[in-house]
Amino acid sequence: MDILQMNEISKVYGNGIYANRRVNFSVCEGEIHALVGENGAGKSTLMKVLFGLEKPDSGQIIVKGTPVSFQSPQDAMAIGIGMVHQHFMLVPSLSVTENVTLGFEPMGKAFIDRKTARKKVQELSDTFDLKIDLDMPASKLAVGIKQKVEILKALYRGARILILDEPTAVLTPQETVELFIQLKALKEKGFTVIFISHKLREIKQLTDRVSVMRRGELVASVNTEDVSEEEISSMMIGGGYSGHIVKSPAVPKENLVEIKDVKWKDRNSVPVVNGVTFSVRAGEIVGIAGVEGNGQDELIEMITGLKRYDSGEIQMFGSSIKNEEISSLRERGMSYIPSDRMTLGVATSMSIENNLISTKINDPSIYSGKLLSASKIAQLSAKLVSDFRIKCGSSKTEVSMLSGGNIQKVVVAREFTQNARLIIAEQPTRGIDVGAAEFIHNKLVELRDSGCGVLLVSADLDELTKLSDSIIVLHNGQISAYIENVSAVSEIELGHYMLGVNKQSASDIGRAYHTK
Amino acid sequence: MLLGPLSSMRNFGTVIEMMIPITFTGLAVSIMFQAAQFNLASEGSFFMGAVAAAAVATKLSLPPVLSIMVCLLVGAVAGAFVCAIPAILKARFNASEMVSSLMLNYVVLFLGLFILNFFLRDPSFGMLASFPLPDGSKLIHFIPKTRIHAGLFIAVVLVIVTYLFLYKTKSGYSIRTLGQNAKFAHYSGIGVGGAIVSSQMIGGAVAGLGGSVELLGMYDRFQWTSLPGYGWDGVIIAILARNKPQYVPLAAFFLAYLRIGSGIMARVTDVPSELIIIIQSIMIMLITAQALLGKLKHKLVVKETIANGNPS
Amino acid sequence: METLVSLIFTTDFISSVIRVTTPILLATMAVLVSSRAGVLNISIEGTMLFSALMGVVGSSYTGSAWLGLLIAVISGVAFSYLLAFFHLRLKTDVILTGIALNLFSSGFTVFLLFMLTGDKGVSTKLASKVLPNINIPFIEDIPVLGKIISGQNFLTYAAVISVIALHIFLRKTRTGTYIRAVGESPEAVATAGKSVNNIRQTALLISGGLAGLGGAFMSMAYLSMFTKDMIAGRGFIALAAEAMGMSNPFLSFLASLLFGFADALSNNLQLINIPSELTRVVPYLLTIIALAIYAARAKAKSKS
């Protein structure tokens, strides 16, 4: 029987884009139900509507046969819906107990009754076998533990339906295994779980039913055992992307970047990048693989001049970047597509034009005389908008009015037209549609063939193996493997290097640095 | 109150006279706010600009036109210097430019009074005031029956120059980009520290220039013993003009009109002119109330999208 | 120099440090509550000014210093409600709104004073009351210390108590916990079903009440009347003191003592033939220097 039905839900965001379009979604009591879809397919929005964080513009929610309307998460919680968000909602300085009871503290006469609070949380964590130090401040917890706290929080608030938004994205394999055991135990106890993910293997392992979303619409709901991973995948993507990249063997030339024994420690003196050595040559695409949080973000920040390295040496185009600003690196021919596009890649409140010229501001071709020329900028922008197929009203449109994919195209259009010799691309196609991704992939290969060096970081192994000429695997801030022949390696092998199950010999890893 | 300023040429003249200094500070604050630098020392810069101009005019006996030019130049430099202090503290140490500039206004006031009292004071004059400004250093009044002075032209030119600077030059682009997203500016290779300091120094120079223009255009001696408040007016104008230099004169005129109108009203009736300050403040808050606008906008977009059935 | 030293090490001087610290301390606590809730309240200056006038007006019309104090506090709360309403409900920029409110207060107090007394500068025509100094039994008899600790104004003791009370409030009560939570992670509070806006509003109202006490001190203890723009930047100094105290009540207390010291010093330096223009610069200059040193150290600590 359906414990929950969402009927004809539509949600339109401020930029005029449908996040959800007449979605019909239902969940049976006591099942683990997967909700899948690519980034931006509308999963998160649908769940925010269900949890009372967003109000739908039309449609109806029915829980246990009664229509409900949520003004706030409190209403959703009162009916027994709990949510574990992708980004943890914990207050750093409060203890686990305080975080779990936040909003529902047992009270003494004037003050919070801490003893009772702790006892209650302790009981709960014993019942559900979620072992946590209840007095630790949330800021000091490991990621896996934070997630347990979030689950505990939902249970403490009386949730019977638990929504988990991409819970495994931040977990180690061991933590994932543990989470699945706990979720199955919850199911045994009669809880209903909605599991948002785009990891198909996990969905097959864990869930009873699966609903697929694509571009804001719900395209299918099926029993998980009736479909294969390939079938789910094609429902998600909707066909069309062969995923094939035509590319000739690389012809690498001189070293553009040389990274030698680079180290960086965070403020708690934890080594995050711990002695990395490799080089990127002109005319090749070097991929960096690794589970999130193994030092790749920091490594890229150091190479691009956003962060200073503690020791070791980075040379770009033959000279040290130790004290170089990002501006001089760009001048010398570096271009950079950042993973955090919304804060680094664009100024959302400025027009597309203003975003496109930010790295071209020294280019005389946009000036007439000493002053910037509005017509020349408009011309350049119009060309880039059409070349990179940016969907927008005009190039004067504010970037905040664009969809995520089109914002990424603005970044890419700017960075690909810098006449750069070295392109550093971080998650270049994350969250954008297949057509655009294919376009960007082909562009990268094209740039490589014209003699550019490309350093590619991607969480998408498929993308990485298709594009890269060689792959460096990072694990715990160190290189665990250097793969020269990408077509000869399987994703499973890569996974073993990424998780630190296997590690190559020092001499194999040493080959990542090319002496001329 | 509504029509008072239009009742005579003299009254209308006072509106224009009042508009001149606040156009300068309005531009100054607009430049700094465009860079998202909440430096509120334009008040101090304006004051220091006037002190510096008074010092040059009374201490150096320069030939007429040259004297004006040196006064204005020194006034601008003094203003830039004042606003540079919070700017450098921000760029170097990341100290809040807002708090330090608020404190700096007091420092500048007392420092200025010290200079006035110990170096510029005319002991033969009844009140605390400088020696009289030589005629050759005063800006001409060119409309009979009013005290509208040549500073008006300087203000007009400055509006145009500021507009061109912000929208047509590399530095202006850097300042605007810094103001919209500092991380993006840094990532793009724009010198963030430079833009932080330059926006505030230029703003300070404009305010300082305003102070010297006001002194040379409107006064016979330097005799301010407290901050004149034009810096705060600059904040109001910048908000009204949404930091766009092209709208600054309009906002300045509006504010000056209200001010003079309320002054006339106070003379005719019992209502004190401070009433206008209250009206101004409420106006600012309503203008910055984005929620009123934002909500409306979302409803419209949703309606349109649903009506068009437009998928993306 | 000797005169300076002999000036500082007197009980009178130390006692005056405590006295002039009082309004800064209350203002600092006011800033602290709001900033713990994640709202930068720069309208403390205006709130204090408004309360200073209302205290004077209230005490002169009711004939009671205590009712005057109550009215000052209520006025502070009401004034802060304006900030809360515009910033939280109408989503105005908090800094611009704060600036507007300060301007509003500066004009409105003069307007009101003029309407009530016909004077635009001082409230001498209003027969306002003064809050009492309190002698603490036994302690007042202790040599040296007694002279410093005892005999201070009622509000000075209230200010010190407010530090402790605020500490307990933030740590032990539900509302206090929510205020801290909403400052650190508003999403966590929102997903717990609590209204972020309501909590921030509560914090702002408390902040207004504390600023009201500070304003009352200025016009009903520090001076015995209201004068135009009498807060003279103390509300702004509090912003610096709170930042240096890292939003911790006790450290912020120490920071405001530092500014009180500078303030008292500037008052006393005038006695030894230093031009008053220069001595009056001291507290403001010290704030800038201290702020720069604090920021430099904070920057060195946080490795980017």
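Chains here go by letter, A, B and C, matching the order in which they are written, and residues are numbered from 1 within each.
Just so it is clear, contacts are C-beta pairs under 8 Å (C-beta built on N, C-alpha and C of every residue); 3 or more make two chains touch, one makes a residue touch a chain.
Since the model is a prediction, treat every value here as computed from it, not as a measurement.
*Asks:* What is the set of chains touching both subunit A and subunit C?
*Replies:* Shared contacts of subunit A and subunit C: B.
*Asks:* More C-beta contacts across B-C or across A-B?
*Replies:* B-C
*Asks:* Determine the centre-to-centre distance between subunit A and subunit B, using the mean Cα coordinates as centres, and give it in whole Å.
*Replies:* Inter-chain centre distance comes to 46 Å.
*Asks:* Compute the distance, rounded to whole Å, between the mean C-alpha positions of subunit B and subunit C.
*Replies:* Computed from C-alpha means, the inter-chain centre distance equals 29 Å.
*Asks:* Got the subunit C residues that touch at least 2 other chains?
*Replies:* none
*Asks:* Which residues of subunit C touch subunit A in their complex?
*Replies:* Subunit C residues touching subunit A: 172-174, 177-178, 180-181, 184-185, 187-195, 302-304.
*Asks:* Tell me, which parts of subunit B touch subunit C in their complex?
*Replies:* Interface residues on subunit B, with respect to subunit C: 38, 40, 85, 89, 92-96, 98-100, 102-107, 110-111, 113-114, 117-118, 232, 235-236, 239, 272, 274-278, 280-282, 284-285, 288-292, 294.
*Asks:* Could you list, by residue number, the parts of subunit C that touch subunit B in their complex?
*Replies:* Contact set of subunit C toward subunit B: 42, 86, 89-93, 95-97, 99-101, 103-104, 106-108, 110-111, 114-115, 120, 232-233, 236-237, 239-240, 243, 275, 277-278, 280-281, 284-285, 287-288, 291-292, 294-296, 298-299.
*Asks:* In the complex formed with subunit B, which residues of subunit A make contact?
*Replies:* 10, 12, 14-18, 21, 57-58, 215-216, 306, 325-331, 336, 338, 343-350, 354, 357-359, 361-362, 370-372, 391, 403
*Asks:* Which residues of subunit A touch subunit C once you look at their complex with the stated criterion?
*Replies:* Going through subunit A, the ones touching subunit C are 51, 53, 72-75, 77, 83, 85, 87, 89-94, 98-99, 102-105, 107, 110-112, 157, 266-267, 307.
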